[in-house]
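Below you'll find the structure I mean.
As written, the chains take the letters A, B, C and D, and residue 1 is the first residue of each chain.
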């Protein structure tokens, strides 16, 4: 494997909730242009770790670096402008706005005419084009004028993905993008994520539950357990790692299931 | 989703409203037997009375419109909104009466004060959300109310009696040139409404709607939501101040009641009646509110306020989306039905 | 064997969202039944529907021969259903003892049950005066289960008991649930298939708000294709 | 402990700064002025606290902003005054009120009956509304012919002001008794009971689904039976009770007045919650409108019944002594001669206003604190603030707890009103400003925090009193001879300023939750 540049780095990242260390001294390097998965049992601190990366939470101690600059303390609305987009585990969209409007708002954020009071948004050509493109890409074209709340759960997940694709960030943080999706829809979404990542040489950081998915697509995997990094490596490394077998899978699992 | 329909078709409703309202004094004049020329010369009595009622409604509608921008569009519930109106009204009165400033200077001063106030409220916006913001705005406005009511500045404000004897420039005097005043108020309302429509469709306005729907998500999308809220606050304050200035020019007495929480609640009520976040609901609601109030007072007398209150409670409980909101829902439902049907046909093929 | 709980074709709503669209299963008395399915499939909503915390607009929920849908949650619970929610919902401002005491339905319930609970979870005895938030995840889970045991509940609804717990504690939890299932019937929601298969005798699979399969856990374990189809790999 | 300190560091710094400010402010005054100002601050703070604590309890558990709290405070004062100055009116009114309550509190029975009746939904709706209307109509009919001895707003010699003044002079006017003329007593009692029962049944029919499965329990009939019994007794022995109350020492009358004020708050609170607030739990804006509207209506009703002008509530004997060794310099003298004032640090301090009220405030603080921390109901409240659903899932009827908390919160407000009125006097607008103070106190202390309510109220009270005091003596401006006298509007303005500053630094308030 070629040596790649580090795009995101955490140093001794720690987050306490009361007395509970949700993320405990995590130092991690993520290389540009890779699909990096973070796995671990429920409650291992994956989502908290994600919230620290995306700036939704402030760490108790430790730092996050993006391309060498310190992200800690940066306001959350700056993140996307720096090139970091994230999706949420629990679908987080504008439920009463249309699918089109949801995506459009996401791509509008990158425009520089947000303060033109008298401009009709329908006339912002570049933004409209981008919106149409993204809607097409996530496969929601036929539903684009429906309020987001009436979409099925799977389609809402797609919309969520579309909302972070729209501003075209360099780093995508995806928190369980397949959560709650019907089985037959999962490969489709994963293929989409892979395609986005490869075609644009983007960095994708993925939190997933579904081991099969993770094993087949990731360039690198970090296993978290009780707030700590338990192991890190390629799919093969992880599959062979005895510690992962016992701790994450609790000696109960048979990975070859 | 290109929308190529022209300005005229898109704003048909408000333009018809504008035309009807312009003609209304003349048409009403015909009933009492005054010729249009007499109306033009401010001579009819019934029409003049109706003009007066119209002006009051337009002022209320402007005020409610500004409240809807803040509450219905941006999702900020301010209980200090009446302060924008009242400061403008008192400032106009004091500037004309005590300071004897020239009229256009007064206008400039009032608009400047509007921006300053909006910025004052905005001071707390980045940190204080939801109900705490409501309480803070209530606190700020209450202070102003208390100051207006206090006897320390009775020479300026007239304390609890109200500010009287404001010299209104002759060219817009509501007594001599009432028709002109009526047309100005109407035009201001229509222009503001058109501007608001445009604003809501603009990139800035869309972000305001996004803030109402899910502020955290809007932040995650990369918007500095505080700035957008401040923008909405400034526009709203400017509108409310315009309404306040008209009020000061039209009414013989500026009563401290316009600084009271009850006046903000009036705006909230109007918006609820018309339909929250619909903009046109503010105009419809203002008509419904003022006309109901007027007719009940006329036919029942003093105890009307109880009945009006009861009617509002019942209305608000049973028509939760307001007049305009309910109408739009109907339209949308039909539209959605069609779309579903079309979708089904497509998928079958 | 009779059924302690029958869920008949229910459709449930949370706010205006139609979450359950035809869920149908029975729970035989004195057994452990596992509800399986993906995140967001509607397992938790099923538990909430049984308790009346989600509004059941169609179908029936029959507990011990009595229709309970539409009754207020506290009355349903008082019939003898204990609930251990997903994120434990330990009351932060209450001490461990108060967290247990609040579940008393009659005065002195806790005193009577003390030995049973503390035999099951000896840890809790040590921390009686600590606040709920000062416990570790595993201890909170124990407290949540213990809280459901204070009153004499004939049915326990347990949502994700293994979530976020270390393997050793999961083993302990499995033992505890097995022990208490000798006294009450248990309905379990579990993501971790191995935990579920070790515990449950019956299973119900829920997918997109519908119950799509049910039967004996034994049979499911043998049917890898079905596991793969509905649950993905473990 | 260290983390605790760090977490609250901002709050502590703010408190230190406020304390420093007050200290500097105190430096500009003589010792006795400081003492009196601080005591008055505690007094205002205590009254504010009673209203704020009720507000905070209700908001914490029910998520309802009860903006009628100020009006209820005022109603407490008026009810208390009526009991104290016009016991005859009180006894006359007692019977109808109790009978109506008895009729309504049988709602459990009505629920069972109503659930038996099978009707089409529309018919049920119409019939229940008809029943409610018929009930209220009949009620109005009976009430208009029910004899109640009351003051007369249009006749100065029979107005509340005159009665207050006479009572203050120790001359009690005993007004003429009114008797049953238009209607026979038996018919009146029956009519009240029946009409309220009819409308209660109508309401039960309307909410049929909710009362589906209530079990029969003899305890449910205990409350209506007691209400009925007391109501009838009050009617039968009307003259005797009235005479006995007029002959009573004002101290005991005062205690009764306070108790009745609290009870009326509890009653009003449970009535409001069960009938008006409950259907609106999911619609916060409408709740807001409703409580605001109720507040305004309350003010109008009070203006209609008691009139607009201000009047006083004479203090009871225990606080009005002037003879003997008064103003007292030691506790023995104070207790022996019931002095109205005492000497403290060379200043005269009013016993009721500046000592009694703060003591009561502290006692209430402690009692409610113990209730919250030690009792089962307190346990349920603390748990319910965090997670309502889970409490319900444990088999606890949270709704009933909601009603209880609402009643308690309103009871605290009416208590505050009755306590403050002998010191502040009564006007229909007395609630408005107090509500504002209470809201500011809560925003400063933290909206749902009970200790926050206490701390915020104390700060607001102290700042108000210091501003008022400086309004009298003036602040010498440095380097000039000018003296700045803060005018009265600056009093609320200063507290609002403090609120804004605190919220800018700590959006949740001093002791509020963080995020």
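To be clear about the criterion, a residue touches a chain if its C-beta (ideal position, glycine included) is under 8 Å from a C-beta of that chain, and two chains touch if they have at least 3 such contacts.
Computed from a predicted structure; not experimentally measured.
A straight line joining the Cα centres of chain A and chain C is 31 Å long.
Each chain gets one centre point, the mean of its Cα atoms, and the points for chain C and chain D are 44 Å apart. Distance between chain B and chain C, defined via averaged C-alpha coordinates, is recorded as 53 Å. Touching of two or more other chains is recorded for no residue of chain D. Touching two or more other chains at once is no residue of chain B. Shared contact sites, meaning residues of chain A that touch two or more other chains, are absent. If touching chains are joined by edges, the resulting network of the protein chains shown is one closed cycle, each chain touching exactly two neighbours. Contacting chain pairs (ordered by label): A-B, A-C, B-D, C-D.
Against chain D, in their complex, chain C makes its touches with residues 51, 53, 70-75, 77-78, 83, 85, 89, 91-94, 98, 101-103, 105, 147, 151. In the complex of the two chains, the chain B residues touching chain A come out as 1-3, 195, 198-199, 201-207, 209-210, 213-214, 216-225, 231, 235, 336, 339, 343, 346.
Within the complex formed with chain D, the residues of chain B that make contact are 77, 123-124, 127-129, 131-132, 135-136, 138-140, 142-143, 146-147, 150, 152, 261-262, 265, 268-269, 272, 305-306, 309, 313, 316-317, 320. On the chain C side of its complex with chain A, the touching residues are 17, 38-41, 133-134, 136-137, 160, 162-167, 170-171, 191-192, 194-195, 198, 207-208, 224, 227, 229-230, 232-234. Considering their complex, residues 65, 283, 285-286, 289-290, 292-293, 296-297, 300, 436, 439-440, 442-443, 447, 487-489, 492-493, 496, 499-500, 503-504, 507 of chain D touch chain B.
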